[in-house]
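Below, chain A partners chain B and then partners chain C, in two separate complexes.
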Partner chain A sequence: MQRFINNPDEVVEDTVKGFVKAHADIVRLGSNPRVIAARHAPVSGKVGVITGGGSGHEPAFIGYTGRNMLDAVAVGELFSSPTAKSFLDAAREANGGRGVVCLYGNYAGDNMNVKMATKLAEKEGITIATVVANDDVCSAGPDEREKRRGVAGEIFMWKCAGAKAGEGASLEEVQAIAQRAIDNCRSIGVGLGPCTLPAVGHPNFSIEPGTMEVGIGHHGEPGVRVEPLKSASEVARDMTKIVLGDHNLTAGTEVAVIVSGLGATPLNELYILHDTIESEITGRGLKISKTYIGNYFTSLEMVGATLTVMALDEELKRLLDVDVHCPAMP
Partner chain B sequence: MQQFQNVSSGDIVLSLAEQIIENRAYLSEIDGKIGDGDHGVNMAKGFGMAAERIKGNDMSLAVALDTLGTVLMTEIGGSMGPLYGVMFTQFAETIEKVPAIDAATFSAMLHSGLDGIQAIGSAKVGDKTLLDTLVPAITAFDAASRDGKSFSDSLKALVVAAEAGRDSTRDLVAKIGRASRLGERSLGVLDAGATSCALILKSLALGIEARLSPAA
Partner chain C sequence: MQRFINNPDEVVEDTVKGFVKAHADIVRLGSNPRVIAARHAPVSGKVGVITGGGSGHEPAFIGYTGRNMLDAVAVGELFSSPTAKSFLDAAREANGGRGVVCLYGNYAGDNMNVKMATKLAEKEGITIATVVANDDVCSAGPDEREKRRGVAGEIFMWKCAGAKAGEGASLEEVQAIAQRAIDNCRSIGVGLGPCTLPAVGHPNFSIEPGTMEVGIGHHGEPGVRVEPLKSASEVARDMTKIVLGDHNLTAGTEVAVIVSGLGATPLNELYILHDTIESEITGRGLKISKTYIGNYFTSLEMVGATLTVMALDEELKRLLDVDVHCPAMP
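Here is the complex of A and B:
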């Protein structure tokens, strides 16, 4: 595949440089070049909200930096956790004196680096509270929810926590709302084609033509089954069924939906999927109060899409409606 | 009783880094079978950066290990950054004030590195990780020393056990990390972390063996 890159080992550096130039009104580079901070951060007296993760998921994670969203983001190598130092520096950039919540995905590297950063931060008087996302239904059974990966549901978690922190809530309150937001999220991914790390040069997994991987992860982690590629309606019905099957929502529940491309799937196909997803969700008596369609959480040039459904209560709904000013969201 | 001098032994870490850099493609290839294939790339990047800082400086083993550990921890990220970062900085801390290192000190150093890894990770032996190399290697070294074997013979036992441990991961199902998502499909492939750990231990052992002398 042909790419717009300079040096395969410096993809992240070059991405960050372009990103900061493009969104200089909202973000700035931290004192650590692997940290992006909101221009307004830190806000004195406000709980800081941070995340971090491997690169290659743009606009996640950096694109969600901004007002009423994330105060700072630690940037890792492609598909690889940021360092403990980057998480620590992100916490420093976000710390307004009332502590910092770090909201991140459930990957081995992130878990370890955040754990180390939390210890280091404590030594300098910064409290980091953490919430780990685990919305990816296919990555472990319902009895092992704590093992599930965090995927696009993280966006809803950041959004609700960012808005809550913006209202002046305490560290405990922001942590609690983030936890509730992610507890209310379920996601699934379907892959139609693999992606390649530029420095590696070949895909590390394959999806045979005419087949699809149901339940694929954001780095190409295998799903629960490989099956013949079906029509968009059938795929959308399956995705909705898997997500809602894990959710047990009563009729009348309001939900928010993200249909995200994985990088190489055009928007029109996401709308095609959504046409059926919407019918399936409302057909079960649920009410969709907010929908996001686009490339919100990608995986380099993977072909495929993810569906995230978050059940709303009054507070989550209100927080989701709070205006944000960040590069990745309207 | 055999021992080696801490001062001027920093070059041991340099050869260790060269081993990792030389095996960059191999480690990525193994990782690619059940991970995303960047183990070699990331490891080589970190060990290469540390080698740049060590090269041409007359360092003690302790200072060189600390340099390597700090680079891994602050510059590499992923899973291997914190795991090896903690291991090497703990190694360094244990021998920091020891002028001549004997088998007992070396064993204490290995244990302290292992403790560090276990404090941040949650893997156990049998989970298909670097612990499947490190734990049996340490056990073999200790057993050999206890049996009255020389430092140099104990190091040989360490290398044999490290490589057997590495090979044992071929028949294991990954229980942790990204490969764990593969379930049974992770069978039949070496774990990349266990493989790099065997390279590290072997290089460390060879470097020490070449410097051993009877205690004065």
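Here is the complex of A and C:
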């Protein structure tokens, strides 16, 4: 492993330490060292917005902590859910007295631990409302959307909910906009190379040279097919086709787009993909209002990229335009 | 090669196309398709600020185009200097009638082509003043600083000069602040894995597994030593020691820091490095005023990281704090 790490069992701890040092103007370590909180949190009278998830997806989840985004984040081990205690402590850090929304991805461990945290929070008078992200179109069929995993669409969900909460909206309103945001998102991943959990020391899945895995998940979950690696244009066309095929948007719809690297794919290749993605999207009569290209939601040093398309309405568009102040977003 | 590309000979063209589509609110293609210009450029009565360099370092150089940063960028082929014509056309796009500063890195091709562009521009009444970046401490000894290459310190040079130009400063003033900014920068790179020019198809240098190259250049130029790969803490300590050893700053000095990935190193590892870098810097009595962690200046899919430390005075600090609006910077 050609990696910059110390003790493989302390990757998360070391990451969090460096993160807090780098962004001390925006974030702070919670009283639980597996919680990152915004410096400004909690804000009295504001609905708290939290998330949590496994580490190794940086800048997700911690990098989205900040004003008009997340108030606190529960931090899990690499590719593992945070504990119920960490979700609870994140809610405590974010609680301004009007309840907390927990906006997280659809993974078994997260579901279980958020549910437990919600019960524990209730006992101390903190209401947690939840929204579960399921934007990964290849992780289950369109008739089983509740089984789909959450991926980079979560960023849009956090952004819209964070902005809405910042405007003073109620718990129900913030939950509703987060739900609408993620309902309007569809994502897909394509993997060209695996990643390695440092404590394991070898990849827990393989992608043969000359092939690619279409629909791969954020932890190497199998996609819908393995096929010979195609040109960037063809890959981008396939990604767009799958995402928009599931989305079923009418011409004239405005959309926001994220093309994210999975960790080891250089930025220039994301732009190469986007050249075709943009043509494919606009060629269907859709209008791209907002574009994010970069490493927004990664999987350690996986080689590959994800595409997220979010359909906008007037309110989602307005909320997406609200300025944020967090480490991961321009 | 597990990469998202089309024709290997058209990587730059495809990258630029996707880039302009993604950031059309900030940038535009110049009349020369190897020039990226800010949408707002030229600004009448403002000193133009330009750079240029080989592609493959994204987001450098093009991503730093925007308000209070670069007005135009000349785009070279992968790891090759832009042509004199492209530098000239970048100057034309940026010329608001008070001259143009060209702030670029110390590489033979760039030196030659900027010199030629400067002569051609003079003929049409555009004065180009130049500053050559040489912040890479391992590329030549301290008594031969004029031989050193320019690396990520260029970002700070552009930022300070762009902000100064935005305040209405004269050509001489903008040139002087750029010179002072880069004089105050020291950088080092450590490579853990090579990169491949797509048209070549195999790495043009090698880094054996289990080793690292200390002082590696942005195109794989040999460093000062190859040694067994150490822990992140040890690597970070070595990097800081080399950079600060060359810098010779007095305790109490404020500094700005960039820890940049080289393309295929995940963000969490940069934070792990920064945890120690921060301790080492502050342990010497220096104060870190500004920190940038991410892929700010890369080398295709090279595995590795660079550290840049810039000593601040009151004016440099103020200029670094000026808001910018460019694709690559938060």
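Here, the second predicted complex is superposed on the first by the 330 of 330 C-alpha atoms of A that agree within 3 Å, B and C clash if a C-alpha of one lies under 4 Å from a C-alpha of the other, contacts with A are read in each partner's own complex, and residues count from 1 in each chain.
Please note the rule applied: a contact is a pair of C-beta atoms (placed from the backbone, for glycine too) under 8 Å apart; a residue touches a chain by one contact, two chains touch by 3 or more.
The shown structure was predicted, so the numbers you read here are calculated from the model rather than taken from an experiment.
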One more residue to check, A:Ile281. First (chain B), second (chain C), both or neither? neither
Which of chain B and chain C A:Ile293 touches, first, second, both or neither: second
First, second, both or neither for A:Leu70, with chain B first and chain C second: neither
May I ask you to decide whether A:Ala232 touches chain B, chain C, both, or neither, giving the answer as first, second, both or neither? second
Quick check on the superposed pair: does A:Pro266 touch chain B, chain C, both, or neither? Answer first, second, both or neither. second
Which superposed partner A:Thr15 touches (first chain B, second chain C, both, neither): second
Of the two partners chain B and chain C, which one touches more residues belonging to chain A? C
Regarding the shared-chain residue A:Val200, is it in contact with chain B (first), chain C (second), both, or neither? first
Counting only contacts in the complex, chain B reaches chain A at residues 28, 32-33, 35-38, 41-42, 45, 73-79, 81-83, 85-86, 120-121, 176-178, 181-182, 185
Give the list of chain A residues in touch with chain B in this complex. 9, 54, 76-86, 107-109, 112-113, 115-116, 139, 149, 197, 199-200, 202, 204, 217, 219-222
Enumerate the contact residues on chain C facing chain A in the complex. 2-6, 11, 14-19, 21-23, 55-56, 58-59, 63, 192-193, 207, 209, 212, 229, 231-233, 235-236, 259, 263-275, 278, 291, 293-295, 298, 300-301, 303, 305, 327, 329-330
